[in-house]
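Per-chain numbering from 1; labels A, B, C, D, E and F assigned in written order.
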Amino acid sequence: MNKLKLQSMLKQFFNEDIGDGDLSSDLLFSPSDQGSFTFYAKEYGIFCGAEIIQIGFTLLDPSLNITLLKQDGEKIEIGDELARIEGSLQNLLSGERVILNLVQRMSGIATNASKAVELIKGTEAKICDTRKTIPGLRMLDKYAVRTGGAFNHRGGLYDCIMLKDNHIALAGSISKALQTAKSKIGHTVKIEVEIETKEQLQEAIAAGADIIMFDNRTPVEISNWLELVPPHIITEASGGITLENLRAYAESGVEYISLGALTHSVKALDISALVQLKGAKVYEHR
Amino acid sequence: MNKLKLQSMLKQFFNEDIGDGDLSSDLLFSPSDQGSFTFYAKEYGIFCGAEIIQIGFTLLDPSLNITLLKQDGEKIEIGDELARIEGSLQNLLSGERVILNLVQRMSGIATNASKAVELIKGTEAKICDTRKTIPGLRMLDKYAVRTGGAFNHRGGLYDCIMLKDNHIALAGSISKALQTAKSKIGHTVKIEVEIETKEQLQEAIAAGADIIMFDNRTPVEISNWLELVPPHIITEASGGITLENLRAYAESGVEYISLGALTHSVKALDISALVQLKGAKVYEHR
Amino acid sequence: MNKLKLQSMLKQFFNEDIGDGDLSSDLLFSPSDQGSFTFYAKEYGIFCGAEIIQIGFTLLDPSLNITLLKQDGEKIEIGDELARIEGSLQNLLSGERVILNLVQRMSGIATNASKAVELIKGTEAKICDTRKTIPGLRMLDKYAVRTGGAFNHRGGLYDCIMLKDNHIALAGSISKALQTAKSKIGHTVKIEVEIETKEQLQEAIAAGADIIMFDNRTPVEISNWLELVPPHIITEASGGITLENLRAYAESGVEYISLGALTHSVKALDISALVQLKGAKVYEHR
Amino acid sequence: MNKLKLQSMLKQFFNEDIGDGDLSSDLLFSPSDQGSFTFYAKEYGIFCGAEIIQIGFTLLDPSLNITLLKQDGEKIEIGDELARIEGSLQNLLSGERVILNLVQRMSGIATNASKAVELIKGTEAKICDTRKTIPGLRMLDKYAVRTGGAFNHRGGLYDCIMLKDNHIALAGSISKALQTAKSKIGHTVKIEVEIETKEQLQEAIAAGADIIMFDNRTPVEISNWLELVPPHIITEASGGITLENLRAYAESGVEYISLGALTHSVKALDISALVQLKGAKVYEHR
Amino acid sequence: MNKLKLQSMLKQFFNEDIGDGDLSSDLLFSPSDQGSFTFYAKEYGIFCGAEIIQIGFTLLDPSLNITLLKQDGEKIEIGDELARIEGSLQNLLSGERVILNLVQRMSGIATNASKAVELIKGTEAKICDTRKTIPGLRMLDKYAVRTGGAFNHRGGLYDCIMLKDNHIALAGSISKALQTAKSKIGHTVKIEVEIETKEQLQEAIAAGADIIMFDNRTPVEISNWLELVPPHIITEASGGITLENLRAYAESGVEYISLGALTHSVKALDISALVQLKGAKVYEHR
Amino acid sequence: MNKLKLQSMLKQFFNEDIGDGDLSSDLLFSPSDQGSFTFYAKEYGIFCGAEIIQIGFTLLDPSLNITLLKQDGEKIEIGDELARIEGSLQNLLSGERVILNLVQRMSGIATNASKAVELIKGTEAKICDTRKTIPGLRMLDKYAVRTGGAFNHRGGLYDCIMLKDNHIALAGSISKALQTAKSKIGHTVKIEVEIETKEQLQEAIAAGADIIMFDNRTPVEISNWLELVPPHIITEASGGITLENLRAYAESGVEYISLGALTHSVKALDISALVQLKGAKVYEHR
C-alpha cells in the first residue's frame, strides 16, 4: 500500500469522527493521563490492519508506544492479543473507534476471502475481487482481499479494459471492439472480454483477447468451453457465484472466480479493545 | 444532508474509480453515443440513494436527463424501476459502478434498519445507530439509517458526551465525572452515562445525566431498573443486542436500542442497471 | 481541540502568508543563522494560544526549541513573557506574523469573555457564544471563549436544533414544529425554541423544548416568565444584550446569556515578539 | 478578487457551519418551501460583500434568484435594503449565517477604512493596511480595505521585501542588507526599509530603498526628515498610530500611513436579514 | 481523460497564477468589457488541448462563448486558427497564460510524438512514452502522446509490474522474481522484465514474462534475439534511443520503442492569442 | 522556497506515480531490504534540486540516511556524485522516478539559465524569466531560474501590474491606464508598461511607469530610445529574443532581458541513480 495515501485517508477519517474535538476525553482527561489499549480477537478469523494501527495512532500522537502482536494474514483465535498501544489516554481514546472500524472491516474481508480460498483448496482456481468496493476505501478493501489469500481484479476503470455487452454492441462485434481497443491501447494494458455464448468465446479468442470472462455461465458450460481456450489466454468466471456453488466453478477448470460479495457485503470481525488506566483495572471496549 | 459535502465526496469517489480515464468507454464510445440506464430492484427492500443518483450523474455530465422513479424510504419490490438516466453513454458507464456501490449499500442499510423497526412494532422503543460506520461515509450511513425509519445516535466525538468506564474510573466516580463535564460543557450538549449496576444507575440519575445507557444488561435487569428513572431522563440499551433478542429489549420499556451492526456489517441490496443503447437491445449490469 | 485539524489549518494559514517564499528572510538569512523569539504582553488580559505557538512553529521547523511560559487561561500583565522559541531565525521570522495574528485574536476573545464573566459574578448565569464566528476559525474562536471562562453554544447547524420564527411559522405552531422535530431527531440532540411572548413560552414548555431562548426580551419580562419554566428546562437570553445591560440580564435568573459580540467584533490583545539574534541586541516586533 | 478561490473558500466555510446537515431546516422544511431574504442595514456604514452574497448563495442553490441592491463601496443608511434573495427557504436559511458573518465583517472593515480616509481628507496622505489580517481571510480583508477607500500594503511575505531591524543587524548594516537584497531579487519587487533614526534614513536613501518606513516616529520627526527624501522614494509611517493622532501624521507630509487595527480589531457592521415565507408575515434575523 | 480530475487540475493551476486577483485586469477593466480571443498557430505541428480551452475558460466564466476550430490530433499550419473565445475580457485575460502554457506544451508533445511516428513509418514498430513526465501533469502528458499517434506505457507504479535489475538481484534470479510476482499479482496486471543478455532473455521467456524489454541493446542484438521470442510475448526496446537511431530500432522487428524525451524534454509549440476588444483593433499575445 | 508548500507538492506528485501501491517493489522486496542510491551526473551542467531530494525521500521514509554531495548552483561534471541515500530499498525505489523527474528538470532549467547568463557576461544586463512556467510547478521553475544565476519576473498576476496593449486600448491611452492603476494600487506594487513606439515610451515615462518593457524591438531601437529613460526607471526587453541575438540585446544597454524559453521549453539534464543492494553489485538507473 501507498503509505502517504494511507496517512491522508486516516487524517480524513479521524477528522470525520473527532470534528472540533473529542468532548468527553478532552473534558475528563488531561494530556498526561496514561493508559494502554490491547486489541484482542473475540472471534476466529484472519487479522488484517497492522498498518492502520501503526500509522493511525502515530498520526494522533507520535509518542505512543505501539507493539504489533500479530501480522496481517495471521490466523487469530478468540482471546488472541493483536496489538498493544501505550501512552496518553486522551489520544488513545480519540482514535479508538476509527481504527477499530477499519480493522474490523479489513479483518472481516480477509476472513471471508480466506474462507472462499479454503473452499476451493485442491483445485487450480483462484478467487478474485471486483470493483464493488466501498467508495473511498478501495485501497484498503483490495489489500484485505490479498491478505486473505485471494487476488485483485483491476484497480479501476484506468488500468484494464473490460469489453462488456454495450461496448461490443456499439462497436458492432467482439472482433471490431477488440480491434479498436488494440489499435489504441498501450501494450501494458490487458483486454478482458465478457462472453455469454460459445460463438462469442470463439470470436474473442480469434480476435486476441487477453482474458475471457464467462458471464453467468454454469460450471458445466465453462468446463465444456474451456477446451477451446489456448493456454496463454486467461479465463474467469463471474456472475451468480456464491459460497455454495463456488467449488463447482473451481472444479470446472476456470482460472479465476470473481466474487463481488467479498467487498460489497462484509461482516465486521469482532475485535475489541481492552483499555487499562495506568495502575487501574481493565475495561473492555467493543 | 449537506449537498456541498456530498458533491465533494462523490468527486473523490469518481476519481478513485476513474483515475486518469475510463479506458474501455473512452476507447469504444464517442461522446455523442447516446443511451439510457434504468436502475431496478432485484430484491425486496427499502430504497435509499436518490440524491446519489441525481448529484452523482450531474457531476459527471450536467446534460444527462435524470428521472427518479422512487423516493428514499419507499418500499421496492423485485423488478421495480428506481431511476432512469439518459444521455451520453460514455458518462453513464463511467459513473455506473460508484453510484451502484453507494445506492446498494445505502439501500441495504435502510432495509435492515427497517427490518429492525418492524421487529419492535407496537412497543415504545426506537432503534438507533452507533459510530460504527464506514470511515469516510458517516453522513451517508447515518442518512440511510434514518431512511429506514431508525434514529441517529451522536454524529461523532464532537456533539455529545459519553461517559464510559474509563472516563469514570479516572474521574473517581460517576458523580465526579458528571460534575466535571457539567462545569465545562455548553448547554446544548447532552451527557450520556454508561452504567452496569443499579448503584451506578442511581448515582448517574442523582448526578444529572441526560441519557442513561444500560451497557450489556438483560431485558429483565433493564425492566426492573427503569422504575428508578425519572421521565425526563432518556434511556438506551446497548451491547449484545441482536435481531433475535431485539424485541425482548424493546418490551423492557427502554426508549432507545442501539445496534452497531446496522452500519458495520451491511449486506448490499441487489440493484441492477439495465443499459440500453439508443435504438438497440437491452443489457443488464449487476 | 482536534490537533490534526489544527495542523491542517495552520498549514493553510502559513501558505497564505508565505506563498512561494519569504523573500526577505530567504535572501538575508542563511538557514543556520540562529536567534530567539520572546512573546510578551503589552496589555493586561487572558492568554490564549499555547497550542498555536507549539504546533505552528513545530510545523515550520521541528528542530525549534519551544518553551511555553504561560498556560491558556492565565492572567497576563504588561511585560509578562508568554513563550520563548529558539532556533533558525529564518523559520522563526517566516512564522511570526501568522502566529501572532492568531494568538492576539484568541487572547482578545478570551479577555473579553473573561470580562463578561466578571461582570456577572455572584449570579447563577453563564455567558455563551453564538455562531457569529469568523468563517474558517470557529474551532479556535470557540476554544478562546471557553478559555475566557464562558461557554459554547452549538458548534453549527449540525449539532442542535434551533426552532426560530420561520421554522415555527411554516410548521404552523410551536407545538407542531416541536412535534415534527421530536419525531425525527435522535435522542442525543437538544431542541431549543425561540420565544417572544408568554403564550409562546407556555406552548414551548408544554411541547417539550429542551432549551427556551428569550429572544429580545427585557430582564424584567424574563424574570417574570421564568416562574413558568420547570427546572429541567434550560433558559437562555439573547438579542440586544451588551456589556452595559449584561448584569441586569444575569440577575433576571436566566441561566445562559449569549453574546454574538464575543466573536464577531474582537479587539486583538496587544502581544509582541522580542527577537534576539544569537549574540546580538534585542528588537521588538509588534 | 479571484472568483475560483472565493468559491473554494465559501465551500469550506459552509461546510464548517453545516457539517453533515442543517438539522433544523432539513427537518422542518421541504425543499419546495419558498421564501425570500432581504438583507438591510441597521447601522450607517459602507457596504462590502456583494460577491459573497452572489457567489455564496449560488453555490448552495443555483436556482436562487439574487438581486443586489447596493454596490460594494456605497454608503448605506439605517434601513437601506442591500440585497434580496428568493427561492428555496431551506437553502436560504442554511447559508444565512456564514454569509452574514462575512458581509458584516467586510462592511465593518470598509466602514472603518472609510472613516480613517475621511479623517485625513485634504492631505496628500493615503491609508494602508498591514499583514495583520485574519488567517484564511486575507483576500477578503484586503478587498474590504480597498472598498473603504484605503490601500493595500504587501499581500504577504512573497511579494515585497521588508528589511526590518533583524535583517539589518544580521547583514551588518542597511547598506549591506539592501545590497544583498538588490543583487538577488527580481526587478518587479520593491524593497522597503524600516528606519528609526536620521542616520538610518540617510543610509537607506543612499543604498537605493524603494520605500522608507518611519517606524514609531512622531509626526514632527517625520516632517523634518522628509526633506531628505528624494521624490521617487515612497514614504510610510507605521507604529503607534491611532485614529486620534492619524491626522497629525497625515499632515507631516508622509505618503502612506499603515494601520494594523483596520483588520486585526474589527467591529462587525450591524446588518440583518428579513425573512419572508411566501405568503406569510415578515421576520427579522440578526 | 477524466474530466472531473481535469477540472480540479485547472482550478489549481489558475489559482497558482491568479493568486488573490489579476491586478492588471481587475483594475483596468470592468466585468462588462467585452472582447474575443483567437488562438492561432505560429508554427507547424499537431494540435492538442481542445478540452483545456473548453473546460478551462468555462471554469473561469461559464458565460464565455467558446468555438473550437481544430480537433486534437489535427495538423496545423502557420496561421491556422485553433479556437475562438468571446465574452468578458477580464476573464479571458486572467485565464490566457495558464491555458496557453498547457496547450503549447501538449501540442509540443503531440508534435514530437508525431515526428517519431513518422520516422518509423512502414515498420511494424510503435512508439511509446515512459514515466518521465512532469510531476502533476502525467494525465495531460500521456494524453498528448496518444494525440500524436504514439502509445502509453504504464500509468504509474500501480498498474504494471516492471522487474528491473534490482528486483531480480534481490529475488536471486529472473525466474524467482517472476515466480514471486506471479504468485501474488492479479491476472489483469502484466509483468515486464528488463533483460540485457541472451541468457536473461531465455530465462524471462521460460518463466512467463508478458513483456520483454531490451535494455540498452543495439538494433542488431535485438534483431538476432527476437527469433527466440514466441509471438504472444510483447517486445520493447528502451535506453539510448534517439531520433537518429530510431528507425534502426524500428527495423529490428521490436514491437514497441519507448522514448523518455517525448515528455521529459519538450519544446513548446508556438501558439499565440489574438485579442480583440469589441469594436477595436486586433492585438497579438504570445 | 516555502517548505510546507514543497511538502504538499511532493505528496501530490508521489501519489500520482504510486497510486494504491508500487506493485513491483511491494511484491519483490520486504521493508527490511536495505540498499543505497547515488545520484550522479551524466552531463555537464548546474545542479538544482537538493531540497527535492532531502524533503522528498524524508516524506517517503523519515529513517532514510540522506547525504547531499553538491549544493544548488554548483557546477557538475560528468560522473560527479550529487547525493547518496541509504535505507529501505522499497522506499528508495518507490520515490526514485518522481525525484529524478524534478531534479532533471530543475537542473536543466538552471543549466540553461546559466548559459544565458554566461552569454551576456561583461554587460550590465540581467536575464529574467516569465510566467511561461509549467502549471503547478511555478515555485520550482522560478527557483531553478534563480539557481542558474538569472532573475525572476513577477510571480503571477497578483504581484505586479503589466499594462499591455489591451489594457491601454481600453483605458484610452498609456497615461490614462497608468493614472487609473496608480489611483487604486498599493505602493508596494510596481507598474510595468509594454511599449512599441518612441511616442509610447515618452508617454509611459511621463505618466510614471516603474518599468518599461520594449516589446519586440530591435537592439538598435532599444539602444537609441534608452537615452530618453531616466535612471530610476527600469528597462526590460522582451519578444523574439533567442540565444543567438541575446548578446546584442544585452549590449543595447537594457537592464533586463526576459526569456520565456527558460521554462517553457526545457531539456532535462541527464542525471542517473546508481542503485546498490547492501552487499551486492551496482546498477545504474536512468
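Going forward, a contact is a pair of C-beta atoms (placed from the backbone, for glycine too) under 8 Å apart; a residue touches a chain by one contact, two chains touch by 3 or more.
If you're wondering where the values come from, they're calculated on a predicted model, not measured in any experiment.
Visitor: Chains touching chain A and chain E alike, please list them.
Guide: B, F
Visitor: Among all the other chains, which ones are in touch with both chain A and chain C?
Guide: Both-contact set = B, F.
Visitor: Chain B-chain D contact: same residues or different, taking over half shared as same?
Guide: different
Visitor: If you fit chain C onto chain D using only Cα atoms, how far does it have to rotate, to the nearest 5°?
Guide: Here the rotation carrying chain C onto chain D measures out at 180 degrees.
Visitor: Which option, A-C, C-D or A-E, should count as the same interface as A-F once over half of the contact pairs match?
Guide: Equivalent chain pair to A-F in A-C, C-D or A-E: A-C.
Visitor: Just curious, how far off is chain B from chain A if you go by their C-alpha centres, in Å?
Guide: A distance of 22 Å separates the two centres.
Visitor: So how far apart, in whole Å, are chain A and chain D when each is placed at the average of its C-alpha atoms?
Guide: From the centre of chain A to the centre of chain D is 51 Å.
Visitor: Would you please write down the residue numbers of chain E that are in contact with two or more other chains?
Guide: Chain E, residues with two or more chain partners: 18-22, 138, 155, 158-160, 184-185, 189.
Visitor: Once the touch criterion is applied, which pairs of chains come out as touching?
Guide: A-B, A-C, A-E, A-F, B-C, B-D, B-E, C-D, C-F, D-E, D-F, E-F
Visitor: Quick one: which bits of chain F touch chain A in the complex? Just the residue numbers, please.
Guide: Contacts found on chain F: 11, 14-15, 18-22, 26, 59-60.
Visitor: Going by the contact rule set out above, which residues of chain D touch chain F in the complex?
Guide: Checking each residue of chain D against chain F gives 126, 128, 146, 151-155, 158-160, 184-190, 192, 211, 232, 234, 236, 255-256.
Visitor: Which stretch or stretches of chain F touch chain C in the complex?
Guide: Those residues of chain F that touch chain C are 1-5, 8, 138-139, 142, 155.
Visitor: Please name which positions on chain A make contact with chain B in the complex.
Guide: By the definition above, chain A touches chain B via 9, 12-13, 16-25, 27-29, 33, 35, 89, 93-94, 97-98, 100-102, 104-105, 108, 131-138, 155-167, 169-171, 177, 180-181, 184-185, 189, 239, 260, 264-268, 275, 277, 280-281, 283, 285-286.
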